[in-house]
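See below for the structure under consideration.
By written order: A, B, C and D. Residues from 1 in each chain.
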Amino acid sequence: MTKNLNLWVIPLLPLIGAAINGLFGRRFKNALVSAVALLFTGVSFGWAAWAVWTAWPGSGIALPHIETLPFPWIVAGNFSAPFGFYLDQLSMVMVLVVTGVGFLIHVYSVGYMGHEGGYYRFFSYLNLFMFFMLTLVLANNYLLMFVGWEGVGLASYLLIGFYFLKDSAANAGKKAFIVNRIGDFGFLIGMFLIVQHFGTLNYDSVFNALKDAAQFPVDPGWGWLTISAICLLIGATGKSAQVPLYVWLPDAMEGPTPVSALIHAATMVTAGVYMIARSHAIFNLAPHALELVFVIGCLTAFFAATMGVAQTDIKRVLAYSTVSQLGYMVLACGVAAYAAGIFHLMTHAFFKALLFLGAGSVIHAIGGEQDMRRMGGLRKKIPVTFWVMTVATFTIAGFPPLAAFFSKDEILSGVYASPHAGHLLWAIGVITAGLTSFYMFRLWFMTFFGEYKPEADLGDAHLAPAGHAVAAAHGSSGHAASQADDDHGHGHSGVHESPWIMLAPLVILAALSIVGGWVGIPRILGGHNAIEHFLAPVMEPSPGAIQAQELVKNVPNATEIAHEYAEAHPNAAEVKTSTEWVLTGISVAAAALGLFLAWLLYYKRPELPDRITAKARGLYLLVLHKYYVDEGYGALFVKPLLALSTVVLWRGMDQGLIDGLVNGAGSVSKGVGNELRRMQSGNIRSYAAWVVVGGAAVVAIMIWLGVR
Amino acid sequence: MVHQVLFIVFGLICVAGAVNLLVQRHPINSALSLVVVMASLALIYLLLGAEFVAAIQVIVYAGAIMVLFVFVIMLLNAGSEERTRGSRIALFVGVPGVAALAGIVAWLLVHSGGQLGGVTISSSNFGETHNVARLLFRDFLLPFEVTSVLILIAIMGAVVLGRREN
Amino acid sequence: MDTKTFIIVAVIKIALVVFIMLTGVAYTTWLERKLVGRIQNRWGPTRVGPFGLLQPLADGIKFILKEDMIPDNVHKGLFILSPMLALTMSLISIAVIPFGETITVAGYTTALQISGVTHADGLISDINIGLLIILGVTSVGVYGVALAGWSSNSKYSLLGSLRASAQMISYELALGLSLVGILLLSGTLSLRGIVESQSGTWIGFVPRWYIFPQIIGFFIYLLAAFAETNRIPFDLPEAETELVAGYHTEYSSMKFAMFFMAEYVNMFTVACLASLLFFGGWHGPTFSFLPPIAQALLPVLWFALKVFFFIFLYIWIRGTLPRFRYDQLMAFGWKFLLPLAIANIIVTSLIVAWGA
Amino acid sequence: MVPLSWYLVLSAILFSLGVFGFLLKRNIITIFMSIELMLNAVNLSFVAFANFWHSHPAKLASGVDVVPLSGHVFVFFVMVVAAAEAAVGLAIIIAVFRTRETLNVDQVNLLKL
């Protein structure tokens, strides 16, 4: 008897919370609003934990555990999409991450948003987001997942545009939504193809069907399987901000910081990776698609990292780092190391959320200032935040004991081992790792070391106006808002540590980002890679990836098999362990190099960066302006679209055709009327003439008929 | 032979009267020429054996309607027509129309002239009053009554229109 | 009987009848002036010839010799045409009036009627719509009067002609309808046929004349006829007191004479018609002892007597009755005579239908 | 024996003259008279055909044999209609003259009396 976990409670609770806050929030006091929000999210987290605990593998409940609600949702002919919930190892991880990190961020935002306007609105949106994310994660078919997918897009739009009075925020929200929609378009096409070929969208039936290789052989060329995989990939790039459709994430920083933390670091952006991981069976049978995946992943990782280096806004740096880390995850999925990808996703959720919340706390501390050049020397003023940020920075850079070291290493080794162009990708990966640690430590040094210079002139004209305006605008709103409750004078003099309600989640996250990695310690370092085994049943290896598995990973049942294997193939193992060590060493070295450079440029000799930028003017500008991608898109798509719609649709069609027709009909009848009016001249003899002509005509016709 | 001579004579009188109707400037002259036309038509009817119709033609047309016309012309005494430039349409559309009409009819008559037989001076009491009367009051009784109603309405109309608004 | 002889006979008959008619007209004028004179207790013309018998001749010569003056800005054509029109229209009706049975002269028998035709089998037939023709001609006769007044371009004559034509049009109706009674009884439109149908007698001595069954018809006819000929009670058009001479004011000499003759010929026509339709035409007691030629002419004598009676009636009435006012005249015509005539027709047709 | 077509030609000529008068004349009464002329032309053809059917009995398409005298009856009805029309027409002409002081048809073009 499979125990009924009624999983539907988990997403429903945040929905109820959102409804209550949304409908009655205006009349509630802030405390009550936050109480409601926290209560429902907390209970949902508890329920999820209980559900995961009861359904833990080996606890008698067969995974994947599917529960479908009784009432039908969409039934059309033989196609039906029920309200079904799907719990297996992958969704367990995701549920825990989403509810856990989500709850912590809720707690944090109680403090952070305390003195902002529209408090109840913020929390109802946040709860709404939780509802949609949980639906996405727990759905048992692509359609319900798509509902979550769109819902999450909506929530991100609402939250990015929270300060809707600011044009830039509204535009950013709009941009995020539109870019996501473009991605969703691809996802839809993919779903259509799946429906066409499988007749259903339910995961279990699709993946079981894919198992028998006879009916669905590996798709060598560009068959429909590859196409559908690519379409799913497009959806993922849209949602997880990969190369072509990443432009919305940096602008999404317009929203309040907890939003960026929750949505643009921990949960929403990972949806794409989750989707790829979830539909790994499809991708495994489409090698070309996989190639495309890891190409995009690698590109995104590298470029985002380079862009991150030149940013001066603290949140933008973190945004680009998110994009680059997501690039890593997609790269992992690309080389069929899905487990590694998910592992990195989990650890990333912890330290990236921590980084964002830390940055939020910093911004909160100095009264809303986001530009790093105006920060400095905050080490002593906000010590707790400093230590928490230090942990996060060292984690993301990839230093050994911390979480990211393990997950990133997993990915790099997976990449290294992958048969097609593994070594090149690995090289790029390591360079990106170096860059990542460089710009993180740059941020670290600029924010916490040196002296506090609130009035630093941001005179560098070449800075993108948007950024500048944003900072100023946000600053003012921040000032205004903080002015409201911050009694002691102008913001800069009153640098104060954030209240404990904000610091507690930071500390927890810091602990998690330290501990998080230990779950997946690789075999060579003594661990038995628990996360790997945990996810293995979900991620049965694709044919293409089997060699990689043998090279790097042993079979699921613990180290003894590994040892036998090692004896059986000594050299493979040898090669394997020695290369393993080498890889790990190189990645740590890259991280250290990044630290040293950052220390050198931003602590030791702060004037160096200006000299370097002066020398490599062109390159610096290029990077600063984010390779002119936004402008490119604008010119390539937006302007022609606008031109098309004004010239062709509006002027040509609407004005010319439709109005033309309508007015034309009017003027034609007027003209005809005018002509005929002359007939009624009152001149009797003209009437006579017409009568005669008529008579003649009738006679002629009759005769013609008669004679004929 | 006599029939043809008489027909041609009366026909010519008819046409002459009709042309005179057009040519004359003063309506009284054209009215009288119309009376001549009607009288000659009455005679042609006699040729065709239609005695009753001829008599009625004389009494009703020549004797009543034309008298009415002459009476109105005398009463109004409007003088002869002045040469106002008439509507061009009448000339450019009407005249060709009539020409076309006449042409068509003439063509038809010439075309089918052959098949139609001749018309003889009927000696028998063909068009006598009692034959026409029997037909009129038996087969065509309803139209007869309807025309009487028509006449009644015409009389009322004439009275109402003719009355001087006081 | 070939056409040549037919034409000769016709010409002779026409000449004879016209001559008799005109002299009759002339001497009617004399008779009228003598009678009116006697009525008004004076002698009338006595100077010219014994008892003024040559007076008509003198008048004739006078009319012929007088200057034929045509006033200017007069519609010349119509001015001259209208008297001729009046005279010819009135003369035409004589052609249809039968005087008697037949007469054989020099072995050739012919009907005593201008338009009468004697067939080989002795049957006499005349125009079978004679009455209609007379009605037609009288209605066309209106033109003469109307045009005369209008063409002489003077107020009085115009007013006179308008009144005359209005009067004649209105009374024409009554005239026509009054005769319908007789048609119902006789069943034919030809005058000879009507006269034939009046031969014989009712209960012995009463002659079968239509005067007795159609007494109302007779009176309507008489009044309408008087109006048609513009004679005294209805002679408003040329009422001397009001319109100088009515429509023939501007006329002089011969044209005036024509109008005058036209009027008297009309009187004669009316008289003949009355005697034909109501007094049985030439039917009268026949005396066997007369020689054949006299025997043949006796009916004509009867007919002449009856006509003379009516002419006498005309003149008698002229001498006694005053003139109608115009509205009385019109009202009498439309509101009294016409309904009466229609009533008469209805009654007669009921009797005939009941009889059949 | 006169061929029927002569009568029809005469009728056509009279009719055309009537239409010409109807078109070219400017005096309302003259126009009215030309209409009467047209009606008379039609009457002539009726009577001519009546005589023609009398001497050449024929059957209608529906099998009913043609009644020769119907021509005369029809002429009778035409006359009645013409009389009615003349009466009303002349009354209108008088009314027009009373307000317009002219009988010229070109001046009477205000679509009301």
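Throughout what follows, contacts are C-beta pairs under 8 Å (C-beta built on N, C-alpha and C of every residue); 3 or more make two chains touch, one makes a residue touch a chain.
For clarity, every value in this text was computed on a predicted model and none was experimentally measured.
Participant: What's the chain with its C-alpha centre farthest out from chain C?
Facilitator: It is A.
Participant: Would you mind pulling out the distance in Å between where the CA atoms of chain A average out and where those of chain B do?
Facilitator: Distance between chain centres, rounded to whole Å: 102 Å.
Participant: Let me have the rounded angstrom distance from the C-alpha centre of chain C over to the C-alpha centre of chain D, please.
Facilitator: About 34 Å, centre to centre.
Participant: Could you work out how far the Cα centre of chain B sits from that of chain D, in whole Å?
Facilitator: For chain B versus chain D, the centre distance works out to 5 Å.
Participant: In whole angstrom, how far does the Cα centroid of chain A sit from the Cα centroid of chain C?
Facilitator: Roughly 128 Å separates the two chain centres.
Participant: Got the chain A residues that touch at least 2 other chains?
Facilitator: Each of 681, 683, 685, 688-689, 692 in chain A touches at least two other chains.
Participant: I need the residues of chain C touching at least two other chains; which ones are they?
Facilitator: none
Participant: Could you list which residues of chain B touch at least two other chains?
Facilitator: 52, 56, 64, 75, 86-87, 90-91, 94, 98, 101, 105
Participant: Quick one: which chain pairs are touching?
Facilitator: Final set of chain pairs in contact is A-B, A-D, B-C, B-D.
Participant: Which chain B residues qualify as touching chain A in the complex?
Facilitator: 86-87, 89-91, 93-94, 97-98, 100-101, 104-105, 108, 111
Participant: Residues of chain D touching chain A in their complex?
Facilitator: Its residues touching chain A are 19, 22-23, 26, 28, 31, 105-106, 108-111.
Participant: Can you list the residues on chain B that touch chain C in the complex?
Facilitator: Residues of chain B touching chain C: 28-29, 32, 35, 39, 51-52, 55-56, 58-59, 62-64, 67, 70-71, 74-75, 77, 125, 128-129.
Participant: Chain D touches which residues of chain A in the complex?
Facilitator: So the residues of chain A in touch with chain D come to 680-685, 688-689, 692.
Participant: In the complex of these two chains, what residues of chain A are touching chain B?
Facilitator: Residues 681, 683, 685-686, 688-690, 692-693, 695-696, 699-700, 703, 707 of chain A touch chain B in their complex.
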